[in-house]
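Below are two complexes that have subunit A in common, paired first with subunit B and then with subunit C.
And then the complex of A and B:
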């Protein structure tokens, strides 16, 4: 058992998770806004923001997909100890974690059903750069327009076209976090 | 050291509620099922709102709780005390000073800001429930965007009364997709549903959570020849003389005496403190 398997959780779980959730809620309710998320440290290559998000939202009830570069024994052990989420293939995943270039085709993730659009995957995507520049965002949560350094445009436009079905996204980079719900219109800046 | 976990609920329950809240934000107006818990208060006292508030609170928050606009009614006081005891958060009666506001059936008069969250207590979250009692059917109607029945109901109002008689829980369409029950707020408050604040709705008994993100389009259903109208009692407040606020009618004796007062007690008190007086203001205040 490695040292970093047992460490890296929240120091004060109820309070740290409350702060982390508010950041996650704010990020998803205001697409394009970049929040800071600290307090958790998972084994490489997981960013602190993604680790905090996993600790806050995932537990034994939420099947989790790990993209190949994230699917390491060290991270599996860390998740088993801190979260207990079962690791699953994309079609069964409620949450997914990975780098954009490393993710399998988005079509493989559940997008919900017409009766239950909430039964869709939330993807946590690790980026090298996350700034409030780039693709133009409009829609719920945005007064006029917002900008976010999305890794691509077309997949998110296709996802928006599925509304009210679709995937929801979090982007993480270091301790930075941004959200992109399925309701957001994405255009080239 | 408190005997309660922070904000009463256990962590796994909070994670479950938080996941539902995020999906609710992602699909504005759609009712997300959640595993509502037994709370130490009866259904109908805001168990849904309390669970949403508990899942959102951080120790840095300042909480305000209103019941029909008032900070000092039983429901508001007991919920405020509940969170003082279980979450040790600061509480306030000032709309402006609050970061989280839990409300029963009103939206504060003062415009909310981007830093605030408004949590509604919802008795019946399904706007189509009184038209179609079967959950399987209403769910399918939402899936198919089949809202003709709601327009028929509003039309029957017009046929019977000459105008749309629905005065509270007036149905709205959110972002052009889902028809939503805004909880039993007076229709006077409907225009305020388009807000800079995040609005979260919790129905405990019915086990549903839904949301309106900031700056989301919220349209009250109406007809071209019978447009929506945000109505209120045609009086001024008898304590602060406001003509632009939602009023409660209070019977003052058994001889037909009555007064109209702002339903939002904090807003009314604020106006009185800055020198506004109404017809029935205390004498020493008007002297």
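And then the complex of A and C:
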């Protein structure tokens, strides 16, 4: 019982979770803006920002999909102790965590229904770098335009076309966090 | 394997005892202890509800008896032992004491701790239970039927 799967949770859960929730909310409300998220540490290869997001957004009632590289026994144990979220295949997932290159095709995730557009997956995507440069973003929450170093363009354009259905994305890198809701237009810079 | 099972059984017993112990009792028994080991929180004490299930019918089907308040926490001693505290009620200090005792029962201090805290606690709780049962038994009414003389 000396492994690190038990440590790395929030030190002061109510306050830390509130701060993290505010950051997550701002990230989705202002696509392209980069927030900082600290206070949590999950086993490798999860970034601190992604760990804090998981602790804040997931609980025992939110099925979580782990991409193959993230699906390690250590991370499963960490999730079991701190969150209790069931691990599921993509088609049943409310949240998904993984590297962009490691995720299965996005068509495999639920995009919600016309009656319940919220019954879709929120993907937490780990990137090697996250900067305010690259793809041009426009739409709700962006005054003129914003830029974000997205890993691709076409899948996000296709996702925008599904609106009001579709997937929502968080991008994490170290302690940085950015959001891309389904309502944002994505173009080449 | 058997040794591990025995250890698990023993831990189950003291966890059960700590979970059901009255907060004031445990606090009184540990008041003189000054050498609490250093520890770090894995999960700070938090209050929540759990569903208590029982078997009410003769068929043994589970039945939701009701919810009860539980406080839980987890901590790790500086020496590496992990202790969990699950106690009834919303007393966070009580949960911390229970988790500390659980962790310390895995160290060399186990025997001393068993003599100083767990055994007296078990005896007291057993005595409470017996005296309550005796009080209840005193109010027992035996019904019997006199000969009705119908002949």
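Note that the second predicted complex is superposed on the first by the 187 of 189 C-alpha atoms of A that agree within 3 Å, B and C clash if a C-alpha of one lies under 4 Å from a C-alpha of the other, contacts with A are read in each partner's own complex, and residues count from 1 in each chain.
Heads up, the rule we're going with is that contacts are C-beta pairs under 8 Å (C-beta built on N, C-alpha and C of every residue); 3 or more make two chains touch, one makes a residue touch a chain.
Being a predicted model, the structure only gives us computed values, none of them experimental.
If you put the two complexes together on subunit A, you find that subunit B and subunit C both fit without a clash.
After overlaying the two complexes on the shared chain, residue contacts for A:73 are found with neither subunit B nor subunit C.
When subunit B and subunit C are set side by side, the one touching more residues of subunit A is B. Of the two partner chains placed around the shared chain by superposition, neither subunit B nor subunit C is touched by A:89. Contacts of A:141 after superposition on the shared chain: subunit B is touched, whereas subunit C is not. In the superposition on chain A, contact of A:183 is made with subunit B only, not with subunit C. Vectors from the Cα centre of subunit A to those of subunit B and subunit C enclose 90° in the overlay, to the nearest 10. Of the two partner chains placed around the shared chain by superposition, subunit C is the only one that A:11 touches, whereas subunit B remains out of contact.
Between subunit B and subunit C the least C-alpha distance in the superposed model amounts to 8 Å. Once both structures are placed on chain A, subunit A residues 13 are touched by subunit B and, in the other complex, by subunit C. On the side of subunit C, the complex with subunit A involves touching residues 40-44, 46, 74, 76, 80-82. By the touch criterion stated above, subunit A contacts subunit C in their complex at residues 1-2, 6-7, 9, 11-13, 81-82. On the subunit A side of its complex with subunit B, the touching residues are 13-15, 17-19, 21-22, 24-26, 28-30, 56-59, 61-62, 94, 114-118, 120, 122, 139-143, 163-164, 168, 181-183. Across the interface of their complex, subunit A is touched by residues 5-7, 11-12, 14-16, 18-28, 30, 32-33, 55-60, 114, 139-140, 142-144, 175, 177-178, 196, 198, 211-217 of subunit B.
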